[in-house]
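Structures given as structure tokens follow.
One chain, subunit A, links the two complexes that follow: it is found with subunit B in the first and with subunit C in the second.
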Partner chain A sequence: MAKLQFMNARLWRFMIESIEKVIAEGVFVLDKNGLKLRAIDPSKIMMVDLYYPKEAFSTYNIEEEATLAVNFEDIIRIFRRALKNDTLELDFNDSHIYISLQGKGIRNFKLPQIQLPYEKLPEPKVGFTVHAKMMSSIFSDIIRDIELTGSSVTFTAKQDKLYLSSLGDIEEAEVELSTEKQNLIELDVESEDSTSYSVIYLSNMVKAAKVAESVTIHYSEDAPLKADLEYIGGGRLTFYVSPLIT
Partner chain B sequence: MGVNLRELIASEAKKEVDLRDLKGRIIALDAYNMLYQFLAAIRQPDGTPLMDREGRITSHLSGLFYRTINMVEEGIKPVYVFDGSPPEMKKAEIEKRLEAKLEATRKYREAVETRDIESMRKYAQATARLTSEMVEEAKLLLKAMGIPYIQAPQEGEAQAAYIARKGDAWASGSQDYDSILFGAPRLVRNLGITGRRKLPGKDVYIDIKPEIIELNLLLRALDLSREQLILIGILLGTDYNPGGLKGVGSKTALKLVKTLGGIDEIIEYIEARTEVDVRKIFDYFMNPVVTDDYDILWSQPDEKSIYKILVETHDFNPTRVEKAVERLRKAYRENLKARVTSLDRWFG
Partner chain C sequence: MPRINPSLCAKCKGYKRLCGLPYCPLLERYTWQVHGVQSIKGTEVDAPTPPSVLVGEHGYPYIRLYYTTTPGSPNSSLHDDPRTWADKEYSLRKIIALRSQTVSGIIKVEATDPWNLYNKELSLAAISTKPVSSEVILEKKPKPSLLFNGTTKPIGPASPARKVVIAENPHVPKPIEKVLVDDLKSSKAVWYLYEHGVNIYSIIKAFSLGMTGTLRNRRIVPTRWGTSAVDSIIAGSMIREIRSLPVINETRIYHGYYIGNSYTIVFLPGIYEVEWIEIWYPSTPWVPGYGKTVIVKVTEDHRGKFDKMDGGYLAARLSVAEKLYKLRRQAAVLIIREVFPYYYAPVGNWQIRETTRKILVNPPVNKPKTLQELIDAVRKYVKYDVRKIISESRLIRKAYQQSRLDRWLY
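Take a look at the complex of A and B:
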């Protein structure tokens, strides 16, 4: 029986809420270094890559390597019950998963492990030319602003500024970001590239971004966008999104 | 209609998905199959199809218009493939279908006399007939909508499978399984009926989702070659040998093909027990008459032409049509003109 404990159950709740928007089922791999999940949505437009080092867990008892196959629609229903200050305890064997949310009360849930083969996915090979690091709250706010007006968003980099714009039927939105205005922590522009993405995929990340420490966006001309969400204890949730090519 | 492989589709080979999971995918739709589905499904409770002021049926146009818009809104890139002239060996099947429709028409009239609404609906659906006028109108509507269509020289399903095999489409789309036998790497079912649907004869509603069937996974699950799968189809009955071999169901067919193993042995076995030219049918599935003469390009919807066909000619509600055209224009701009590529390109 493998056993994991994590101090902040709500952090997992929000990460899983975002992951569930991309994939219905997935296989976590747990080895001596930590927990990993890499999966792609059926239309192969968005990819999720999660890594949480074992040091971030208060308990991490895994004998050699273990896999945990879950249906995200099922487990998110349980994780949504995670309250502030709840601790997460997770035990599993080949057939079942036991989730325990421990705070003011102890709530135990048991559900079957699903049968799902583990397929190792490669990482997309992309040379990024624009890198922008920001506070996670800024990222969530921008996406919410852009969602109002259109379904695609264009990232345009200038020497010291990054513009996100969206063109709706009648409305337009533009967000200007720079280190000078302090809404970016870092901006590195190797080439002044401009690429568009579907907002719906960026929206999928908002929940997970809410509980992240920072968000770093990487992209280049007509290439996928990579968003690195950094978490407390060295956890990282990366999303890749395919570009829109006109 | 079509070969019935339903019982043989192993659960590993099929996957139920949401429309949005097909985003960015080009799907070669069997146009006749879709239009028949619309004709059968889009009806009033007593089975009367939608009609314009002059009594002309418009169910097929309504389905084609609104269903296609739903698909492109979700990012699916449809291309419709129309049947050409049927191959000679389909004659028996076509006669059989005509007879069935005449029988349904007779039963429909009976139901009308007894005011049996449930039966009226059931038999009215079975009488659904697609005239060449209706087909031409469907093509005009697609053209106005900016959605491409391809004219197959013979079977639409064969052409759709060919397009998918060449990689010009991601999958074929139909309710029938024939395109799998024609070699389509993937078949998407339920695209014309996705959503909440009433079960026939019952007051029960179910949620229908698109279903993807993968040829490779199917062959692997059944441990068969495509040639063997075609022969199973022939044993069960195809459009070219309706009914198949008497008394042979899915299980027996699978067992027979595995026991006999070789293609020639299986063909000989079936030929000894039926009148039809099994070799000819087999060859047709392997090498159907198809064309390379097609373009798959989406274009800006032509509002005036859509309005003319639907509102001016066929009395569709102008407000509904205008709203739908608005959705189509937006979907064209976002999903058809702009291309969402898949991450595949960067996995190199």
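Take a look at the complex of A and C:
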């Protein structure tokens, strides 16, 4: 029986909510270093890559490499019950998963582990030319602003600025980001590239961004976008989104 | 019925067709209503049922069951046979005339007691493959009426029934006989019946009359709810398998028209997802009065979740699922339904199920290779602004404008 304990259950709730929008089922791999999950959505447009080091867990009892196959639609219903200050405890064996939310009370849930083969996916090979680090709240606000106008968003980098623009039927939206205006923590532009992505896939990240410490966007001309969401304790949730064809 | 400016009707008097409809709906309705009542004398109706039974939903769980007979008709089964109506392309006028010639006896039932209907053989008569002779004693002679409902077939004159006697042994399909005595969940029973070739309309009646389900939990279900449930169960079973099939490798356009409804179905290379766009032009049944076109959209994602429940969409979804299941392929599907004023009376969502099924049996009308070819092809079949439909369709954008991550993976 493997056992994990994490002090902030709500963090997992929001991360899982975003992951569930990308994949319905997935296999976590737990080894001596930490917990990993890499999966691609059925239409192969968005990839999710999670890594949480074992040091971030208050308990991490994994004797040998283990896999945990879950149906995200099932477990999200339980994780949505996570309250502020709840601790998450997760035990599992080959057949079942036991989830315990411990706060003002102890709520225990048991669900079957699904049968799902573990498929090792490679990381996309992309040379990124633009890197922008921002506060997670800024990222969420930008996506919500862009969602209002159009279905696609164009990232355009200038030497010291990053523009996000969207064009709807009658409305237009443009967001200007720079370190000077203090809405970016870092901006590194190797080439002034411009690429468009479908907003719906970026919106999938908003929930997970809500509990992240920072978000770093990487992209280049006509290449996938990579969003690194950094979490407390060294956790990292990365999303890749393939670009729109121009 | 469409809302027509009364000042037009006053000038027209059913003669000049100023509303643009092929027949005067007011005169037609009056003629049909009277027709049904004229065919019976007194309160005793000695006539076969096609079979046709409809369960109403008002007052659930205390509901009304309409046991429909066809007095004076030489071909009883034709009064409740959507598949034949669609295959032989019966006009809307003919379908309404067929329905108006029926007389129904209304029986009050409790949803939790389907057993009472078995004992009286009412349920068995309803799912018979041939018309069943019956005697219905009505409490009073029915008033001329013709009731329309968007999901079910129109109901002719009806009156509370004092007694319904089944005067002949019903011909019950073997698979239904089996599920009737099996302690099997409804979802499994419905799929079993479908797989064993039972007509979908018989499955709907069996489901609605509480002939499926675990023995302790059988319920009578209003026909409208039962129709959506059966469409959803059968399509859902197929879609679970379709989701793991290979993706179609070309764009295909299917098109067809029946009784004022035009359907254009586009299969796009992509994972199973559906967009249903329903365009109701002014003067169609659910667009009262003002001269604006109304658009209704339903989307279903890859996991089979819809953004709204729509019985019409579920009917079309079944035809799409049947086609993909047969092709052994999955596809992203755009369905465009245009409803024209000729569809002046709603006759039920069977016409959606049957028309879409029929057009998907035929070969595609076009196989466009580029987005521009797709726009040009769809424009031939769709009256509405095609560019607007295409620009708002997420599935088309995804098929033609969205790259895939595979390129960067290997």
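Methods note: the second predicted complex is superposed on the first by the 246 of 246 C-alpha atoms of A that agree within 3 Å, B and C clash if a C-alpha of one lies under 4 Å from a C-alpha of the other, contacts with A are read in each partner's own complex, and residues count from 1 in each chain.
By our rule, a residue touches a chain if its C-beta (ideal position, glycine included) is under 8 Å from a C-beta of that chain, and two chains touch if they have at least 3 such contacts.
Nothing here was measured: the structure is a model prediction, and the numbers come from that model.
Q: For the three-chain model obtained by superposing on subunit A, do subunit B and subunit C clash or fit?
A: The answer is clash.
Q: On the A-aligned overlay, A:105 touches which partner chain: subunit B = first, subunit C = second, or both, or neither?
A: So A:105 meets neither subunit B nor subunit C here.
Q: Let me test your reading of the model: by the given contact rule, A:73 touches which partner, first (subunit B), second (subunit C), both or neither?
A: second
Q: Per the contact definition in the header, classify A:127: touching subunit B only (first), subunit C only (second), both, or neither.
A: A:127 contacts neither subunit B nor subunit C.
Q: Would you check which partner chain A:223 touches, where first means subunit B only, second means subunit C only, and both and neither mean what they say?
A: A:223 contacts both subunit B and subunit C.
Q: With the two structures laid over each other on chain A, which partner does A:151 touch: subunit B (first), subunit C (second), both, or neither?
A: Both partners, subunit B and subunit C.
Q: Name the stretch of subunit C, from among 25-33, 61-69, 79-87 or 115-123, that runs into subunit B once the two structures are superposed.
A: Stretch 79-87 of subunit C has C-alpha atoms clashing with subunit B.
Q: Identify the overlap between the subunit B-contacting and the subunit C-contacting residues of subunit A.
A: Shared contact residues on subunit A (touching subunit B in one complex, subunit C in the other): 40, 42-47, 122, 124-126, 151, 169, 198, 223-224, 240, 242-245.
Q: In the complex, go through subunit B and note every residue touching subunit A.
A: Residues 15, 17, 20-25, 75, 330, 334, 337-344, 346-348 of subunit B touch subunit A in their complex.
Q: In the complex of these two chains, what residues of subunit A are touching subunit C?
A: Against subunit C, subunit A makes touches at 24, 40, 42-47, 73, 121-122, 124-126, 151, 169, 198, 200, 223-224, 240, 242-245.
Q: Which part of subunit A faces subunit B closely enough to touch in the complex?
A: 40-47, 122, 124-126, 151-152, 169, 196, 198, 223-224, 240, 242-246
Q: Within their complex, state which residues of subunit C touch subunit A.
A: Its residues touching subunit A are 243, 270-271, 302-303, 391, 394, 397-398, 400-410.
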